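Shared between the two complexes below is subunit A, which has subunit B as its partner in the first and subunit C in the second.
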Partner chain A sequence: MRFLALLKKELREALPWLLLAAFILAFCSAIFIGEYTRWRRDFDEPATMSPRSPVRMDTFREELQLRDIGTLLLYTSCGLGLVLAVRQFLVPSFLKTWAFTIHRSTSRTTILLGKFTAAIIALILSCGIIWTLFFWYASKPGLFPMPLRQRTFAEGWIIITFGLVMYFGTVLSALSTARWYTTKMFGLAFAGCTFMLLLLQVSLALCLVMIIISLVILVSQIIHTFLNREF
Partner chain B sequence: MNLKNLTKYISTPAKIIMTLIIFLIVVLVIQGAIIGTVGLFGPPEKWTESPQPELTEAQKQRWSIRDMRKEFLPDGTIHLIETIKEEGKLRVVNVYDANETLLWDSKAGSNPYHYLSWAEAVEGGINEARMDQLQGITSGFSRTLFVPVINDERQIIQRWRYEPGADYFIGYDWQGRTVGYAGSECFIEAKQEAKPFGEFKRVVDWRYRDHNAPLLLWQTTNRLYQIDFEKRDVEILLDLQDDEIEKIAWQNWEVETFEPDDRLRIFIYVATKKGAHVLVFRDPIERLTINVPRQWKGRGVQIAALQDKIFIKHSGSEAEPPPRQYWLREAWWQEHETKSHRTWVELHEVKQDGDLKFINRFEWIRPPLVEKFTVSWDEPDDLRWKTRKYVTAVSSPLFNPVFRFFGGDPWLEFDFYSRSPWYALTVEITRDYRATKMVLHCSVVVLMICVAFWHGWARRTSWGRFVFWLVFVALFNLAGFLTYLALNHTTVIRCEACGKKRGLERNDCPACKTLLPLPERRETDLILVGQSNS
Partner chain C sequence: MNDIVIEARNLTKYFHKTLALDHLNLKVPRGCIYGLLGRNGAGKTTAIKLMLGLLRPTTGTATVLGCDCQNLTPQIRRRIGYVTEGHRLYRWMKIGELAKFQRAFFPGFWDDKLFNDMLDYFELSKKQKIKTLSNGQRAQVSLAVTLSPNPELLIMDDPTLGLDAAIRRQFLEGMIQLIGRQGRTILFSSHILSDVERVADRIAVIDRGVLRADCKLEEFRAAVRKVRFSFAGAVPGEIDMPGLLHQRRNEKELELTLIGTTEEQIDLWAESAGATYHKDIDMNLEDQFIEFTAPDAEKKLFQWEEK
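So, the complex of A and B:
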């Protein structure tokens, strides 16, 4: 019950950001897809081959209908992860309310779990659900020249999971007692490094393994720091 | 064991790994920035060419023969072609016979002799590395290939998309409905029956002359396919079973695109890793395995096929090829390039059963390269090189063995970009940032260990931990030292008993074992009950 109460409180605090992220993602995705379908109706139905010769294989590359939405998804999930971490861990430090939170009749583990669960739910609701609905809509025959690939769906979820890495990186930075010019920002820097290494991946499984390793590295430090540090 | 204790064992190594990764990247970025800044603002690069030795007339003659192109006429006659002048498209040549008698001299284009035309290596298109790049996970999502099928009105009526995981094509009509699958066996309508092509290596394409519908030559590790999406035809041109394709050359194969030379047959030549040489002819598809002597190397073999005869040219030499390992290159140069080598080119006719019939041979002495070229093994006297040498002194000592293990000799092979992005990144980083000035590098490593020793001595909590950090600093040099410092720097005080410096991480002084002093108990010190000295 205490956990549920904490979770409700965290979700209530995250709600404005969650709605904002969902709105931005849904609104911009609708614009992108509307623009694309209008363009295609005007110029590409049934698609006319461009006058240039397809003799070079490079011109056969798949059209990037989703490029803008992928970038938007990345920014939204990372932004939401960052904002939630700041809201949950940095704002109480500034407002000096940690003592009130910690000295409730709940364990620190429960408090931490409540915050993590709220962040994960927020990411799933605002980015995951919108992405899934968008993908389901975009996969209908006739909207795009070819149905979207299942791999694209999985990649979208990996991008959303990267928002979680960004969240945990920010949490670690927020919880660190080091000075900002020493190792305080290392959590965030590590999230950035993870992103760079993700760009080197071709295999989805490797991507997932890399994200899991990053999460283990970050979460273990967060738990250790949160359970041991003084507020 | 509760969560608090459990996370201690995971979070400590996690923190070390995280900090090390960040510092390794930071050190690399700073090194790169220094080298780049010197390259940008430093003095221009100096190219000091070594003075080339003056050749005698006899030497000039030998070099002249070496540099001439050796071409065969269909009857087996050999001609030596010397380029006199080359300006843009204009090329003036002298044509000699095997006895070096001048036969003809003028522009290359008006040469009256029609030499054998050799099949050209299949290049371009999309290779394995390019396909991997397309598959890379970015914010714009990964991509793959699609091949359009175009009607007479230049409209795309179907799209065939390659699915890299499943390794077959899926076809869609213009409304996005699935129309079929193209796998290794044929075009089919049921997904369950679609078979993968095999490990992808390269695809090249050409098109029908009168419209834009493309055809593909699809190469896997051991198979070669021709795919025609318009006619819905997948043809296995060659299946090597347990052998692998090493090299492919073709002649006239893209007949749909270009006006073919009627004198020449249409064929693809495949050299395999196990040393087989196979020809695949078209219309109808026929295969011929050439029985080539075992000692011939694949790279020195070329094929020409006229309508009635097939020829094979073999270029050979007694010279040893340069070693793969770059550190053996100087010894190889001294051993082999100071001597002359017998070199030859042979023409054979390939009979219908694949056996060879000797036609002609031309042999010459390849002069030693040192006669004409002076190679300096000294490092260049350039600010960039010097900067790199000094800056890389702080790199991890592990870079050198890692480079040797993964890199081999990328300067010779140039193939590391065709591997995985991880491989390319490892090779590039270790190649560019490994230490080259070993005395300085070792001095820096020792210095780092000494500073870490000096810093850690007063702060040591256990011998195991102290030694671990010294080894860690030795392995990662500056990045290791910064990691050590970030995770171990604590305030030190002077021990009240022995007067030596000590950290506050352990209760007793590492020198005299005296416990940390506790504050004197006062009236209000209720929270220290049970922990006082009394």
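So, the complex of A and C:
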């Protein structure tokens, strides 16, 4: 009951950002699908192809275009992770509502769990569902010149999971009481380093392992900081 | 049942190199309305946050309802109502939503009737959003959501700060309603002395992090006094009087602010110093507090012109 009350409150606070992220992603996905449809027509009927069409018969690969939606997914999930962390952990410091939140007849761990759960749900509801819907629609026969692969779908989800790394990295930075130019930057820098390392990987499994390791490190550090922090 | 609800032992807090609270020792008895007095930055909020485990002491300990303040369990927190400084609540919530949120943490203890009665008393509606409320109304909502779970101990950090006189009175009357309930203990900090005088039965004065008084309100009222002495000749240069806080003087008169000095000691000194006449000057609690906590610089001798 207490956890649910906290979760509900956190979800309500995350709602505007969740909707904004979902809208941006859905809007851009619709544009991409529209573009694909046009390109597909160019591909099928080269005679009617516009001179400005990006489709080149020799190099056209669905992965190239899917990279665009992948980039968008990355920006959206990272942006949402960052904004949620700021809303949950920095804004209460400015509004001075921490004391009211912490003095609950529940443990600090439950308060933290409520925030984490809300962030995960927000990422799944916005980025996850839109990506799944996009993939489902784009996989319909006749839309793309080549069938979409399951690997592409998994890549999308790994990008979304990276949004969580960004979220936890920002949370750790927000919770730190050090100055911004010192150890307070550790969380964000850690997320940045994970991102750089991910770019170098080709194996999905390795990417997933790296993300899981990053999450474990960040979450354990956050729990320790939150349970011992002064408010 | 333990008769001491809050006990602080050598509670000390440094913020980096700044000493905010210096070896605070105090005991709050059960059923008492305890006023924590101090100027801005005296250490009142720090003391309260330490007691609630929101800050960690540099040294020293405190127990609240028999539990170490650094390890307050959810069960103990349920028994403590806390009104935060500035009544910081979730701005996006409506009053009804805030009550629902708060109620979830007090299953079986939340008194819906009391909450509704308080809203009626303060003429507030559940549909009003917190962010649209004035400071005074937010204070009233804060009090209502804190009192509705029937806390055994109520801790309020400068609850009347920024409120006008009428709202302050209404707020305090709401508080007094709670006092009527048996066994409730209230600790509140304030620098509005008339509020303290109206409700507190025991006070602690914190001055620059140091506890300078911890006694019943009437004892403090009786202890701090101002006496004016008249002299036929010159006013004595050196004043050697027990409990001397401040002195003001002109050519013929001397005004001494004293603490804990007996009538006998005053008479004796007046006679030895050659005073022709002396009388007590009326002081309200605010005068007493200001004199008692005046910074060192003001304790130096200074002249005043007689009108």
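In the analysis below, the second predicted complex is superposed on the first by the 209 of 231 C-alpha atoms of A that agree within 3 Å, B and C clash if a C-alpha of one lies under 4 Å from a C-alpha of the other, contacts with A are read in each partner's own complex, and residues count from 1 in each chain.
We take it that a contact is a pair of C-beta atoms (placed from the backbone, for glycine too) under 8 Å apart; a residue touches a chain by one contact, two chains touch by 3 or more.
These numbers come from a predicted model, not from an experiment.
Engineer: In the overlay, work out which of subunit B or subunit C sits against more residues of subunit A.
Structural biologist: The partner with more contacted residues on subunit A is B.
Engineer: Let me test your reading of the model: by the given contact rule, A:V216 touches which partner, first (subunit B), second (subunit C), both or neither?
Structural biologist: After superposing on A, A:V216 lies in contact with subunit B but is clear of subunit C.
Engineer: Which partner chains sit in contact with A:A205 here, subunit B, subunit C, both or neither? Use first/second/both/neither.
Structural biologist: It touches nothing on subunit B or subunit C.
Engineer: Under the contact definition given at the top, report the residues of subunit A touching subunit B in one complex and subunit C in the other.
Structural biologist: In subunit A, positions 228 sit in both the subunit B and subunit C interfaces.
Engineer: Using the touch rule from the top, collect the residues of subunit A that touch subunit B in their complex.
Structural biologist: 45-49, 51, 53-58, 60-64, 66-67, 70-71, 73-74, 109, 141-147, 149, 151-152, 155-156, 158-159, 182-183, 186, 189-190, 193, 198-202, 204, 207, 216-218, 220-221, 223-225, 227-228
Engineer: Give every residue of subunit C touching subunit A within the complex, in rising order.
Structural biologist: 49, 52, 54-56, 74-75, 77-78, 80, 82, 84-86, 88-92, 100-101, 104-107
Engineer: Hey, which residues of subunit B end up touching subunit A in the complex?
Structural biologist: Residues of subunit B touching subunit A: 3-4, 7-8, 10-11, 14-15, 17-19, 21-22, 25, 124-126, 132, 134-148, 150, 154-157, 159, 161, 163, 165, 172, 174-178, 203-207, 212, 214, 257, 420-422, 425, 486.
Engineer: Once bound in the complex, which stretches of subunit A touch subunit C?
Structural biologist: My answer: residues 1-2, 4-5, 8-9, 12-13, 95-100, 102-107, 228, 230-231.
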